[in-house]
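Structures follow.
Two complexes are shown next, each including subunit A; its partner changes from subunit B in the first to subunit C in the second.
Presenting the complex of A and B:
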């Protein structure tokens, strides 16, 4: 009854319909627009290996070049940042390079002189940079010690460098796929994923980006609606418990905002059926995988929007979510395939193929989905507690302006 | 009208209604060197922070300009005043644009001091993009009479610009870093059209003086 009332209220709000339009536009331009053309042929070109020699060699070459130029390229928030180290830190890097290459100072100087000079424009100035190839790694040098050194180098650079031990394999462990491997990848797409499995991952990857931000708007809009229409005091006096009211409103928001996503799943399935007419498709996975992938994102974004609106205001909830979205999505923008952590909210796998890379991170993926679903429920329980406190008159939200505002001038 | 009266309107408005937004825009400015490396960048790389951060400032500063009167009680009081509400809105708009230009000037100067290839033309381009996104939020908030809708539309356009550069073409906010030519004058004109459209809409449809 209450759930139905809340759903009807949401259906009558402008924010919900704008959400629907934007969600469909994102889907049409990102997913349908990008993959409506040629069929996926399974050839991706590169694969990640756990070849430690390859990783150590690649990372050492790059570190030599950046050390010689004293210009270390980092992406701490997904954007380019050139770091220049002071002399003592440069000395530390030199010591590490000597340890890795197994050379003394004289040998190290000799290796340093083997770099190729390149003149690049940096701003208004021309800068000299160096490139290195085939730098030796000391025989029997352990990979564990190598990752320890790389961790320290990454910390020295302030994080976000290509020496982050979690990203070493991604950056330096890529090798070209052989023709047989490309064929096997394609067969996995056809037989194991039954085509739609791959597209379900790709669909979820795209839909996750907008679900990490768009739901905050209807959530903030509708949570603040009672106060804006001056109905909150009337609602406070009703018999219904705060817990029931907040959870029902939350459930209604999540349910209604999932409707356009559901229709997008149907559209993605129809597109796959047209493109792969006559082939064996897994119809169910186009609904189950995206639901499992996207629902925690929707739940979390909505819950955060409701809680922040209850405590502060709708605008604060929007600002906070924009910051969270910016950091979450932009920080993962350099690694779009198979790099899913235990606490990743917006999981990225921007490929219909590369099933093996996704399966390698499957445990993390499953854990992260349950984790964020649980976090969402905790957040919404906190929102119910705040609502109850406001109802009892113990708390009236933090306001900066207006009556009782923190920044209000005293007469 | 007495100029001191206008000054009083502006200072009172800023202190009571927009201080939070001004501080938020300043926070975006201060956050820029944390998120991006702002030293020794060539023109293409310098364009990225100049095109990503100022639009956020424009959106924060310009979207809430109609918001104080969204409260019915305040609206009734304002309606009873002698001064036209359009003049107050225009004053707010000028303040927001001046502040935005100031912030972009500071960012551009800081980058220039750090040997980035930044020109006045690039700063003007950044201002056009920021004003366009801000004007979009201003228009959406003005038409819907709801600040949340204003932010919803402008945030979405910002995200669209990040992911659909090619599809947006000359309307993309990241045109300098993507090498799209002739975009900034178009964005400046769009900003002016949206601001005018919002004012006309409120005059005609909302019967505002």
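Presenting the complex of A and C:
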């Protein structure tokens, strides 16, 4: 069976074993290393509300502080950036703050004077910043108008700020849980999630980050192997259809690269069994949820690696995947719980608890898994079409770098 | 079933550059030699027959099947490229088995064919060796075995003896002759000796054109009356090389016996008309077709 032969070929490749080692190292350091003891030992949690007054108040306090310091913290593409506005833009922020607080210039100056000075270290330099509390929001000020203003502020800052209306609830709608709520959360962890359900989410959160990048290495190197080994013409002249060959090789890649993930699931389950000895654990969910969560990520990363290698080269595929990885993973790196969109590839839920937040996004989660699995199959179908074109001599791939490369600077 | 390859008015371009010019050729069962210099267009022609390249115009059919039907062509063609290798860490029998699987041969039958072919190419005792451990000649023999694994009607081999020692070369030629008994084998080479000892029918190519096609005997006859031998004193050799196409030299005590191509009787003492060999006939063919030939000239 061709599938078996392809798997055997992968097992013999260095790229696969490097992938396995990196996967296990990431798992050991990020997951096993971080969760050495039982959760919910009296630690208080936070919950997200849709309290618009709370959100407006919180965002206004922060905006006052950043305006006063003229230092706005943003995370474009997940990376920290301090934005300093020019005078005219600062004036616009001041106008918005006056509108939100319902004050004139004099009243605004008065509010501005209520800030608390604090000295913070920025690199090796000490900087003066201001913090504000309880800044008033004008009576009856609508949330719709508030989000309009926040949209404009976010645009003014170049995006990635904490004023992005889609993230306002996440940043400013969090309130500490009451003792009862903490207790309920704990019970949900023990009874509904049966402990391992929570750990399955946490495991998937960590493993998803690795699977969004690591599979591209075996995918790219093994796709390029025929040409590198000067074997491609022997394969091109075979009877097998391009569709069957590319899909079989793809299936073998996905299957073999899931094997270390499977063993990591077992290790995570054993860890939970040791920590929660004698308690009722859901054994199955430690395998089913991560498989459903992670397989589309693995499928997509692998498919993209195969297609880009077929069109360009293995190096380009790795480079492109690193860029995509930064964009997808780093962009969501400051919203780690319950923020799962319909088209999110790398779903984040960096908590063994907060089951309710995850369930709230469950529809999006399920949709996104099927969506990306389908996208992966479309990508690999495209790769099969490219392979057939190369096989028939209609296409020879694009070269980006080196002599005759598309990106080579003209002398 | 039509057991012929027919090529009619075929042209092939690489971008704007024309690589093959109006090729017309019929290849029948048995060994067929394609002789030409490096860069003559032999590989391009063979890749087009093997459905690895698209032609621009004309018709090519392999045993009655147009080359546009790539899947069918792949099923009936075995191809051994000039520059090939296999996964270096695979065992010899595994590499053959893998390529057999890609040809759609069921596992049970594959096992039998692998055994049979390894026996045929004399690699049975090396079947457990990794591909990277095989010598150049062994790799070539493995290459022929992979081309035969699906029992194709047509075998195309491109410069198969390049880099082989004389013993391996002879063994390889004999192997080709054996497998050509019941199928078409196209042998592309720039080594005249390979053609001479294996093929009856040949075509001579240069710069993307077929210069000559027919039997080896006809090519030799064609050169009859144009090949001479002469005994030349050593100090005149440089001059001779400039004026004539020298196809062979044998150093004697005081002089050199040269074989040379000439349209008319050369103005040399002792020049004698001689029976042409294939090498001389090939050089005369190039010369007669206006190709720049550097026979002996340095």
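Everything below uses one rule, namely that the second predicted complex is superposed on the first by the 380 of 411 C-alpha atoms of A that agree within 3 Å, B and C clash if a C-alpha of one lies under 4 Å from a C-alpha of the other, contacts with A are read in each partner's own complex, and residues count from 1 in each chain.
Just so it is clear, a contact is a pair of C-beta atoms (placed from the backbone, for glycine too) under 8 Å apart; a residue touches a chain by one contact, two chains touch by 3 or more.
Fair warning: this is a prediction, and the values are worked out from it, not measured in the lab.
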Worksheet item: Which of the two partners, first being subunit B and second being subunit C, lies in contact with A:234: first, second, both, or neither?
Response: second
Item to complete: Scan A:274 for contacts with subunit B and subunit C and give back first, second, both or neither.
Response: neither
Discussion item. Is A:29 touching anything from subunit B or subunit C once the two structures are fitted on A? First, second, both or neither.
Written reply: first
Practice prompt. May I ask you to decide whether A:319 touches subunit B, subunit C, both, or neither, giving the answer as first, second, both or neither?
Written response: first
Item to complete: Would you check which partner chain A:5 touches, where first means subunit B only, second means subunit C only, and both and neither mean what they say?
Response: second
Discussion item. By residue count, which of the two partners contacts subunit A more extensively, subunit B or subunit C?
Written reply: B
Worksheet item: In the superposed arrangement, which partner chain does A:221 touch: subunit B (first), subunit C (second), both, or neither?
Response: first
Discussion item. Using the superposition on chain A as set up above, list the residues of subunit A that contact both subunit B and subunit C.
Written reply: none
Discussion item. Can you tell me which positions in subunit C touch subunit A when the two form their complex?
Written reply: 47, 50-54, 70-71, 74-75, 77-79, 81, 83-90, 97-99, 101-104, 107, 143, 146, 150
Discussion item. If we count contacts the way the header does, which residues on subunit A are in touch with subunit C in the complex?
Written reply: 1-2, 5, 9, 12, 225, 229-231, 233-241, 245, 391-394
Worksheet item: Quick one: in the complex, what on subunit B touches subunit A?
Response: 15-17, 19-20, 24, 34-37, 39-42, 45-46, 48-49, 52, 56, 60, 64, 70, 114-117, 144, 146-149, 151-153, 155-156, 159-160, 163-164, 167
Practice prompt. Quick one: which bits of subunit A touch subunit B in the complex? Just the residue numbers, please.
Written response: 14-15, 18-19, 22, 25-26, 29-30, 33, 74, 76-77, 79-84, 121-125, 127, 209-210, 213-214, 217, 220-221, 224, 228, 314-315, 318-319, 322, 400-401, 407, 409
